[in-house]
Amino acid sequence: MSALTREDVTSMILSAKRQAGLTWEGIAEAIGMSPVWTHSAAMGMNAMPADKAEAITATLGLPQEAALILQESPTKIWSQTVPTDPCIYRLYEVVGVYGPTIKALIHEKFGDGIMSAIDFDMSVTRVENPKGDRVKIEMSGKYLSYNAW
Amino acid sequence: MSALTREDVTSMILSAKRQAGLTWEGIAEAIGMSPVWTHSAAMGMNAMPADKAEAITATLGLPQEAALILQESPTKIWSQTVPTDPCIYRLYEVVGVYGPTIKALIHEKFGDGIMSAIDFDMSVTRVENPKGDRVKIEMSGKYLSYNAW
Amino acid sequence: MSALTREDVTSMILSAKRQAGLTWEGIAEAIGMSPVWTHSAAMGMNAMPADKAEAITATLGLPQEAALILQESPTKIWSQTVPTDPCIYRLYEVVGVYGPTIKALIHEKFGDGIMSAIDFDMSVTRVENPKGDRVKIEMSGKYLSYNAW
Amino acid sequence: MSALTREDVTSMILSAKRQAGLTWEGIAEAIGMSPVWTHSAAMGMNAMPADKAEAITATLGLPQEAALILQESPTKIWSQTVPTDPCIYRLYEVVGVYGPTIKALIHEKFGDGIMSAIDFDMSVTRVENPKGDRVKIEMSGKYLSYNAW
Amino acid sequence: MSALTREDVTSMILSAKRQAGLTWEGIAEAIGMSPVWTHSAAMGMNAMPADKAEAITATLGLPQEAALILQESPTKIWSQTVPTDPCIYRLYEVVGVYGPTIKALIHEKFGDGIMSAIDFDMSVTRVENPKGDRVKIEMSGKYLSYNAW
Amino acid sequence: MSALTREDVTSMILSAKRQAGLTWEGIAEAIGMSPVWTHSAAMGMNAMPADKAEAITATLGLPQEAALILQESPTKIWSQTVPTDPCIYRLYEVVGVYGPTIKALIHEKFGDGIMSAIDFDMSVTRVENPKGDRVKIEMSGKYLSYNAW
Amino acid sequence: MSALTREDVTSMILSAKRQAGLTWEGIAEAIGMSPVWTHSAAMGMNAMPADKAEAITATLGLPQEAALILQESPTKIWSQTVPTDPCIYRLYEVVGVYGPTIKALIHEKFGDGIMSAIDFDMSVTRVENPKGDRVKIEMSGKYLSYNAW
Amino acid sequence: MSALTREDVTSMILSAKRQAGLTWEGIAEAIGMSPVWTHSAAMGMNAMPADKAEAITATLGLPQEAALILQESPTKIWSQTVPTDPCIYRLYEVVGVYGPTIKALIHEKFGDGIMSAIDFDMSVTRVENPKGDRVKIEMSGKYLSYNAW
Amino acid sequence: MSALTREDVTSMILSAKRQAGLTWEGIAEAIGMSPVWTHSAAMGMNAMPADKAEAITATLGLPQEAALILQESPTKIWSQTVPTDPCIYRLYEVVGVYGPTIKALIHEKFGDGIMSAIDFDMSVTRVENPKGDRVKIEMSGKYLSYNAW
Amino acid sequence: MSALTREDVTSMILSAKRQAGLTWEGIAEAIGMSPVWTHSAAMGMNAMPADKAEAITATLGLPQEAALILQESPTKIWSQTVPTDPCIYRLYEVVGVYGPTIKALIHEKFGDGIMSAIDFDMSVTRVENPKGDRVKIEMSGKYLSYNAW
């Protein structure tokens, strides 16, 4: 009755990665996807297509059942309404400070609508800078227009 | 005893913009700053250098006292812990879903630290796409390393 | 300095409707839109295209500035995380009880994705029934598939 | 002293379904009920009549005690006041944006009352559309009129 | 533009009652309804039928527009999730302590369903008792059975 | 070191009741108390006098230590500030909608004070009604007057 | 239509007290009540008997209507679930740290019941002490025993 | 790796007390401290001096390691912001209703400062009274004056 | 009836400071106190001794009544449980990250007790540093030992 | 599958420290770091450089895997938005009372920016004082200036 859970799969991935001395870049390359998507799917924040689920299972030596679980649509849950980790909080702060600005510029450039968080992709890169290197985050989401009917 | 408040200045800017038929792009160009920064400073989420405060005051025909207020360091307040506006909520959702991923990749690429939300800039652009145009948000923040002492 | 606000416009619409003895069905018909959309735009939960904003302004005898405000993209705010009004709470309860079921069936019928609340429309109708008439709510939203990249 | 709990039964159903490669449509058909009701009862959000509880137990090969538990009136609990899963959040957003509109139209069409969430049923269907298929949710609840006494 | 609001009407009723030295029992008798319903409708927690709205308007000398407002379906709002007033808190405590018990007994006596809070009435009476008089609250609500479909 | 806990006792009672096919009415009759009190004491929301604790222990075949635990004053905890179960929520809604009314009538009938939730009893009964049977809840609590000193 | 409110009365009392250079001890003595009760009634946390309401009105030179308002049963509201003022927070902390202890000792000394907060009185005194004077708070509330029925 | 925790020690104390039929008064007397302090230290809300930790360990027959743990400074945690147990809630209510009064009287009697909750002691006693015995709670805390610098 | 409030005084101080082009350092020097204490008392977070209240009133040209209000013990309120302003949030983050560490070191260095926030003072200084100047915050609070009784 | 977790490492450190009778000062000295940083890294609130992780592992006799875990960037979580432990709460209170003051002085001394909580260090020391020893907390964080772009 004790089937493998998604939490088990996440924990197996983290453990296999640590023991093999792998990086997310490396795992992503091995399965032919981006590091952002690969990490989020490994954490249970995205579902994997069958071939990617099998590729990561093979790469990390996970049991076959893991590949099935990685293909299921996860229920995405975060338990902290305001995240306490300083690295994640700074992103929350950006939404609080600049959210209304992003909204105003989307309306100015596109009309009455939003940026999709579903038809969406993102990258995180390191940009060299003599005053101190910078983190660059690029998000791209499809513009969705409100309906009038 | 009823001095001009920052809320008054924000409301004067919005009203002058509507009456003059201006855009944020246009106002930003007039004062020689980016649209993201210009809007956020106008909303009371950033302080303006003296010359920019005077430029926007002149551009929009605001009273002289407004230029002083725009130079003060604002207390940045947002009252909704979870924003309800769908356009802003999608950004909050991105932080919930991808926050741990951004954290993991920053640690992998830089070490133990964070992306600053203070030494920070951002742009919002429209990217044409045959399947539907896309919103592109680019954030850049200085990497800050944790201290050990 | 005291420009007309969106709250003023909402309150003018409600007052004009009461004095003229109109219904939402009637106002919707007058401007050629559905009652659901018409009410929500009047309440500041949707932006109106220019012609509809002018039509409702003319229908209800509102000042010209109201038509401009009705065309702006509103910031959608609800202040009660859990709504207390019994009529609205029942809808919240439906989301709590049946939300996971709707999610499971969307995944089963479409794949890993969601129903859009932006490319979305809805109707509310009365269905006669000998055991007591029933409220019928029909929602239709575009299916959006998660990206993998 | 360790009797079977309802959580055990839910987990057994999910596991048996996965192993047998069944769908909710298929299980629902096997027990002669709708997919929405079948899923929600399997998740502990509705009680099953005796014959349906026995039918699902037989279909999925569950122990006999499971059929008794499926007949008990469950305590319906959801732990996230605001659901974080994007697919369920969109429904919460619909209640926030359109809740007051649904209320206004119920009052206009019926009088002072509500739509029941108890004497209630719902369906979820896929509607083909050249611009992208759509999710259609139909809810039907008995109108209940407030008492005056 | 400053129409009479429901809050104005509530406040007029309270003021007229105080000045005339009336009781809720007295007002209820004057309009031929129960004290519980009369008070709750006066507070904006129930809508009045036209004849009762006119009766209370006449009884208390309110302006004619008040009678129209008293007939509208109010949006029922309470702002304290946990009420602080000791008299009301005790009722909240009763729900916390005895809520699961009431649920269990309803299921035992009726089946899987609830007591309606819409098709509902209530009385509050004083019962003499040599050890100290007692407050008696009687609630009666229609039993509603859950649907299976 | 693993003594029997109150949660264990509650769970033993529920299990014994299910296996023996008993009802709360039946258990209450067996120990000579009301069903409301019996259920609430079994759930850990009231302490039992020694003879009742022994009677229920004997009736259900519980271990002797259970009788001791049932006599201890429980710490009454409910974890949902706003209950989600629809059957219990309706009672919470009644407090929100009618709480101020009950308060006003207690003050009118008794003076400045409250209804005790400690020196308190309650019954739940089924009332036949041709339009649909009704749930009747009767609460009786001692009136307590505020002190002035 | 702008009747005197309880907030007005509270504010008049505070203003009259400041202007006359009075103390709460002094006002309490003038009306023949304790300082604790006098302050709390003046703040709208207790209702005054008619003679005390008239006495304080006379003492402070308030308008006659104030005496009527001071006799009404106030709705006791505090808006901070956790009080921030350090002087009041320390009391909240005492409840958090010692609440379970007080409960255990009440049960040990009296049985299953509580200390009433209604049939209740309190004093605050200064106790000289060579190591630093101490605040002494004495509370006295009637023991109320839980009912079994 | 499974060292004894403070929770284990608390649970051992409660169990030993129940089995030995002891009271808090009795345990307190055995170790030469007050019942309030003894109970709170046993619950992990105060640290014990070495001799008292050894005395209670000997009295109740606890393992030697328990005496070490009872001497550590505990992290004082309460998980319910608003306590639900009626006996503890009444104390919370007293803070809400009378907190501002206690603050005003401390300021009047001492100056600008607070009552310490650290240099603090308390007793709970039973006071006989023909109208019903009363619970008397006496708190004594050192007055601390705010600094100006 | 509209007496000067503390909020009025705070706002007058801010306005006078802006018009006179003063700094907090300057005002503090003028009244012979530290900048931290001076600012906090001006904001209503500390009470002023009579001579300091008169000094600041004279320095800034405030009305005489302001000096009286500045001497009253303020009720210290902050409305954001988690502060959103980035400058203040960083301090909150320090408490979250390092709070348990400060607690552990206080217990190691002093025993079972706390640092007083009442008998407390603080300074904020600028420290030159070739890698970027640093903010230095020094807090000093009296150690208070827990009582055992 | 049960790898060592960070919680295990924290608990091993606390246990080894207790058994060896060490202090945080002592452990810090042994690894050549400050006590504040050492404790916070041991608690999972900072990552250790490799040599320090190995040093503490050797000092306390932890398994080799612990050294790897101590080098990972932890997710910093605190579960109490408002800390209840009195020693930590006082720090939270300081942020509430003096946060706006610190902000004002940083702006006055540096310009529009903040004190970093990342490029940050802190010490806790005991200062002898005839009126009672004092806790001294010194924080030093790099000043970060807001960007304008």
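Note that the chains are named A, B, C, D, E, F, G, H, I and J in the order they appear, and that numbering of residues resets to 1 at the start of each chain.
Keep in mind that, in the parts below, a contact is a pair of C-beta atoms (placed from the backbone, for glycine too) under 8 Å apart; a residue touches a chain by one contact, two chains touch by 3 or more.
Owing to the predicted nature of the structure, the values given are computational and were not obtained by experimental measurement.
Enquirer: With one step meaning two chains touch, work out the least steps from chain A to chain E.
Expert: Tracing touching chains, the least step count from chain A to chain E comes to 2.
Enquirer: Quick check on the interfaces: F-H is repeated by which of A-I, B-J or A-J, going by over half of contact pairs matching?
Expert: The F-H interface is reproduced by A-J.
Enquirer: Taking contacts as defined above, which has more of them, A-I or I-J?
Expert: I-J is joined by more C-beta pairs in contact.
Enquirer: Quick one: report the Å distance separating chain C from chain F, using the average Cα coordinate of each chain.
Expert: So the centre of chain C lies 42 Å away from the centre of chain F.
Enquirer: Report the inter-centroid distance (CA atoms only) between chain H and chain I in whole Å.
Expert: 32
Enquirer: Using Cα averages as centroids, what's the distance between chain H and chain J in whole Å?
Expert: Here the centre of chain J sits 29 Å away from the centre of chain H.
Enquirer: Report the inter-chain centroid distance for chain C and chain G in whole angstrom, where each centroid is the mean of the CA atoms.
Expert: 48
Enquirer: Got the chain F residues that touch at least 2 other chains?
Expert: Residues 36, 73, 75-76, 78, 81-82, 84-86, 93, 96-97, 100, 103, 107, 113-114, 116-118, 120.
Enquirer: Provide the full list of chain pairs in touch.
Expert: So the chains that touch one another pair up as A-B, A-C, A-D, A-I, A-J, B-C, B-D, B-I, B-J, C-D, C-E, C-F, D-E, D-F, E-F, E-G, E-H, F-G, F-H, G-H, G-I, G-J, H-I, H-J, I-J.
Enquirer: For a test of understanding, state which residues of chain A touch chain C in their complex under the given definition.
Expert: Interface residues on chain A, with respect to chain C: 33-34, 36-37, 41, 46-49, 52, 73, 75, 100, 103, 107, 111-114, 116, 118-121, 144-149.
Enquirer: Write out the stretch or stretches of chain F touching chain E in their complex.
Expert: On the chain F side, the touching residues are 23-25, 35-36, 39-40, 43, 45, 76, 78, 81-83, 85-88, 90-110, 113-117, 120, 122, 124-127, 129, 131-143.
Enquirer: Chain D touches which residues of chain A in the complex?
Expert: The contact residues of chain A facing chain D are 1, 3, 68, 73, 75-78, 81, 117-118.
Enquirer: State the interface residues of chain H toward chain F in the complex, per the touch definition above.
Expert: Against chain F, the touching part of chain H is residues 8, 11-12, 15, 18, 80, 82, 84-87.
Enquirer: Can you tell me which positions in chain J touch chain G when the two form their complex?
Expert: Going by the criterion above, the answer is residues 82, 84, 86, 89, 93, 96-97.
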